[in-house]
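Got a structure for you, written out below as structure tokens; questions coming shortly.
Chain naming follows the written order as A, B and C, and within any one chain the residues start at number 1.
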Amino acid sequence: MANVKFAFRALGVALAAVLICAGCRKTSGPSVSLLGSTSIQPFAEVLAEQYTKKNPGHFVEVQGGGSTAGLQAAANGLADIGMCSRALTAEETHQFTPILIARDGLAVVVNPKNHVTKLSIGQLRAVFAGRVTNWKDVGGKDGPVRPITREEGSGTRDSFVRLVMGSERISRRALTQESNGAVKELVKGDPAAIGYMSLGLVGKELAAVTVEDAQPTVENVLAGRYTLVRPLLFVTKSATNTAAQSFVDFVLSSEGQGLLETEGLVRAR
Amino acid sequence: MKRDRLIGAILLVVALSAISGLALITVFIFREGVPIILRVGAGQFFLSTDWEPSLGHFGILSMIGGSLAVTVGAAVIGVVFSLGLAIVLTQFAPPALAAALKPAIELLAGIPSVVYGFVGVVTLVPLIRHSLGGPGLSVLAASIVLGIMILPTITSIAIDALQAVPRSYVEGSIALGATRWQTVTMVLLRAARSGIVAAVILGMGRAIGETMAVIMVAGNALALPHSLLDPVRTLTSNIALEMGYASGDHRQALFATGVTLFVIITLLNTAALAVSRRRAGRRRVG
Amino acid sequence: MKVSPATTQRVAVGFMWTLAAITFAVLIFILAFILAHGLPHVTWSFLTESPSSMGREGGIFPMILGTLLVAGLAVLVAAPIGVATAVYLTEYTREGRLTAVIRFGADCLAGVPSIIFGLFGFVFFAITLGMGLSVLSGSLTLALMVLPTIIRTSEEAIRAVPYAYREVSFGLGSTRWQMVITVVLRSALPGISTGIVLSLGRSISETAAVMLTAGSALRLPRSLFDSSRTLALHFYILSREGISMPNAYATASVLIIAILALNLLAYWLMRRFVAKVGR
């Protein structure tokens, strides 16, 4: 009898504790939630940290999921702002208000041990479509090529397809990863791998290929010599709440833009 | 007495809501998933390898092949090690050691699948890549990782099956002059066969449902695998990779993938049940 | 060449022992690998601070809280409902086709992949019911996921209680509910608790279903309606994206230690169950 009664009582106390805990923490500070592109996510986090430092009491929440997920989240209210790393389609511009926060180069990355340093767009297309299967066909050492791609909802993938692949489909044998970081890790570990990711996130552990004789640098992106560039967008559905607007204002301010520039992006303004 | 009736009524309400809640999930999944199978055509859905959601192509044959490949691979590895473990623990290990080792096996069951996947990515995948070639992210890697993950399931049921064999069988065999090993192969394994088969089937059910570890080590390529070293995408990985952004027909196609998994698991469960019931039936007659 | 049965036995048994040794070696390797890399980084500040810079620095306190909330709430919701259902099915109804069907259904649902519950939870709780990516969505989804298991294990534990106990209770004049509380539940409690503790372990380890219902926010959740990241998901993100390997190992170490503790608890409870009911 004592055992079971104790179990019931313990359960009741635990339930009450959780509910009380849950209830009392509901502060009424303004909050913004962002969801979407894994390319934008790290930059949004940096911005959020700086923003909450300047505005204590404000609550900014950033999640990944991919550009398309970001658009949907903005549409069905799952998030205040959707993060999208590709240009919107005509249909989408009717539904959403895109705000350009930065421009980002699309880097093609290979393992540092790989000797291939330059590729043309035609060669890139052949590699990712699976028509070229050996590195020696594009000026490298004899060995298999392993293209890595992103999942379908990725803005990075979409931009890559639009800018490089044209009408050809990415090889079905390409390994699929679900974020920039995952692509980077894979290319870091596999000497035969080749992938595409946000230029701002490449870092020093990977080698980014020169495309069409233009090196993948922020200067070249600004000058228009490096052509693989895509917009980074904050997307909202018509009217935004004031908290979200305040955050967007911060991102577009000189401080916010300066922060993005330090991180490796190209300013929007 | 009235309080008893009241409590009975409360329990009924709770039980009914729980059961109908669970039933509702099943109905929801089928209601979301079945229409698209019919619309696309069952043949097209299950037998085409063309999975291109942006173009409205929903063929999951590649993923079915992927799930099949890693599940069978896992079952092979799982059965070998589990049987070895089960036989050792029930027949050849001193009881004290066996009692100490059994909880250790349960420990294997408690390790999160993301940890398995991670250890697989940093140790197994590079090993496969360097020594056998290919990307390392492969059917082989997934089979090995899954095999280890389903070990506890198969082992515990196999141990139960072996221990359920009447001692008289074993004693009779020894009395006839057989060695312990001959007893194991000729008497025990045969008598416990249905239980062991049920164990493997249930292990396969667990393997086919595994998501995170597989996403990390299998490579997630869309093409059907042609060798153990090819990357694969399983049914579960496909759902996990795409459900964040799928909408409309695409989302329904993912639910349809869920329906497929649901049916496969139900079939496996039924098979396991039938197999173990046959053992009980036979015992009653013999 | 005829090999004697004795030799066959020695070779075969030796092979079996090798298989067993490999299995345990793998287990020890996995645990040692994670703990060796991770434990040095598990400091008090790591456990009590919030992460910064995407998790590169700082600690994992919001993740610990998030895990407790999501998994704890899931089990707090599912356990009473599951046990009550099991009690009703065993004590208040007669054994028949309906109970057999329910049992089969529960067994099937217990085996359904967690990603399918995640898909359901995302579409139903997060979007349709408008709960969004939140602790609430996550824990309700997990509650549904572990409910069938709790129902089945509780049912097994209750049915294992000898009928004689019930007869004695009735003989002494108790009502059905009194009998259930004082006799059945008391004897079955260790078995039921084992099932609940194992479900808690499963909820803590769950990543796929949690990812799309509770979300992956780094901040400390302000309430049940905020998104929160669990330890398992944090480990997955840190390691997959290469954000911080030391922190990834440390997170995994915390996770593994928590699960080890739970496993020990379950094991101890199971021993008490066997002792009590004498099976």
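Please note the rule applied: a contact is a pair of C-beta atoms (placed from the backbone, for glycine too) under 8 Å apart; a residue touches a chain by one contact, two chains touch by 3 or more.
Note that the structure is a prediction, hence the values are computed from the model and not measured.
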{"item": "Pair of chains ranked first by number of touching C-beta pairs", "value": "B-C"}
{"item": "Chain separated most widely from chain B, comparing mean CA positions", "value": "A"}
{"item": "Distance between the centres, which are taken as Cα means, of chain C and chain B, whole angstrom", "value": "17"}
{"item": "Averaged-CA centre spacing for the pair chain B and chain A, given as whole angstrom", "value": "34"}
{"item": "Centre-of-Cα separation between chain C and chain A, whole angstrom", "value": "33"}
{"item": "Shared-contact residues (touching 2 or more other chains) in chain A", "value": "none"}
{"item": "Residue list for chain B, restricted to those that touch at least two other chains", "value": "244"}
{"item": "Where chain C touches two or more other chains, by residue", "value": "80, 240"}
{"item": "Interfacial residue positions of chain B with respect to chain C in the complex", "value": "1, 3-4, 7-8, 10-12, 14-15, 17-19, 21-23, 25-26, 28-29, 32, 80-81, 84-85, 87-89, 92, 101, 103-108, 110-116, 118-119, 121, 123, 148, 151, 178-182, 185, 202, 205-206, 208-212, 216, 236, 239-240, 243-244, 251, 254-255, 258, 261-262, 265-266, 268-269, 273"}
{"item": "Residues of chain C that touch chain A when the two form their complex", "value": "52-54, 69, 72-73, 76, 79-80, 126-127, 130, 132-133, 135, 181-182, 185-186, 189, 215-219, 221-227, 237, 240-243"}
{"item": "Complex contacts: residues of chain B adjacent to chain A", "value": "49, 52-54, 62, 125-126, 129, 135-137, 215, 219-223, 230-231, 233, 241-242, 244-247"}
{"item": "Residue ranges of chain A touching chain B (in the complex, touch as defined)", "value": "65-69, 72, 146, 151-153, 169, 171-178, 186, 189-190, 192-193"}
{"item": "For the chain A and chain C complex, residues of the former touching the latter", "value": "1, 3-4, 7, 11, 14-15, 18, 22-23, 25-27, 33, 35, 41-42, 45-46, 49, 59-64, 76-78, 179-182, 184-185, 188"}
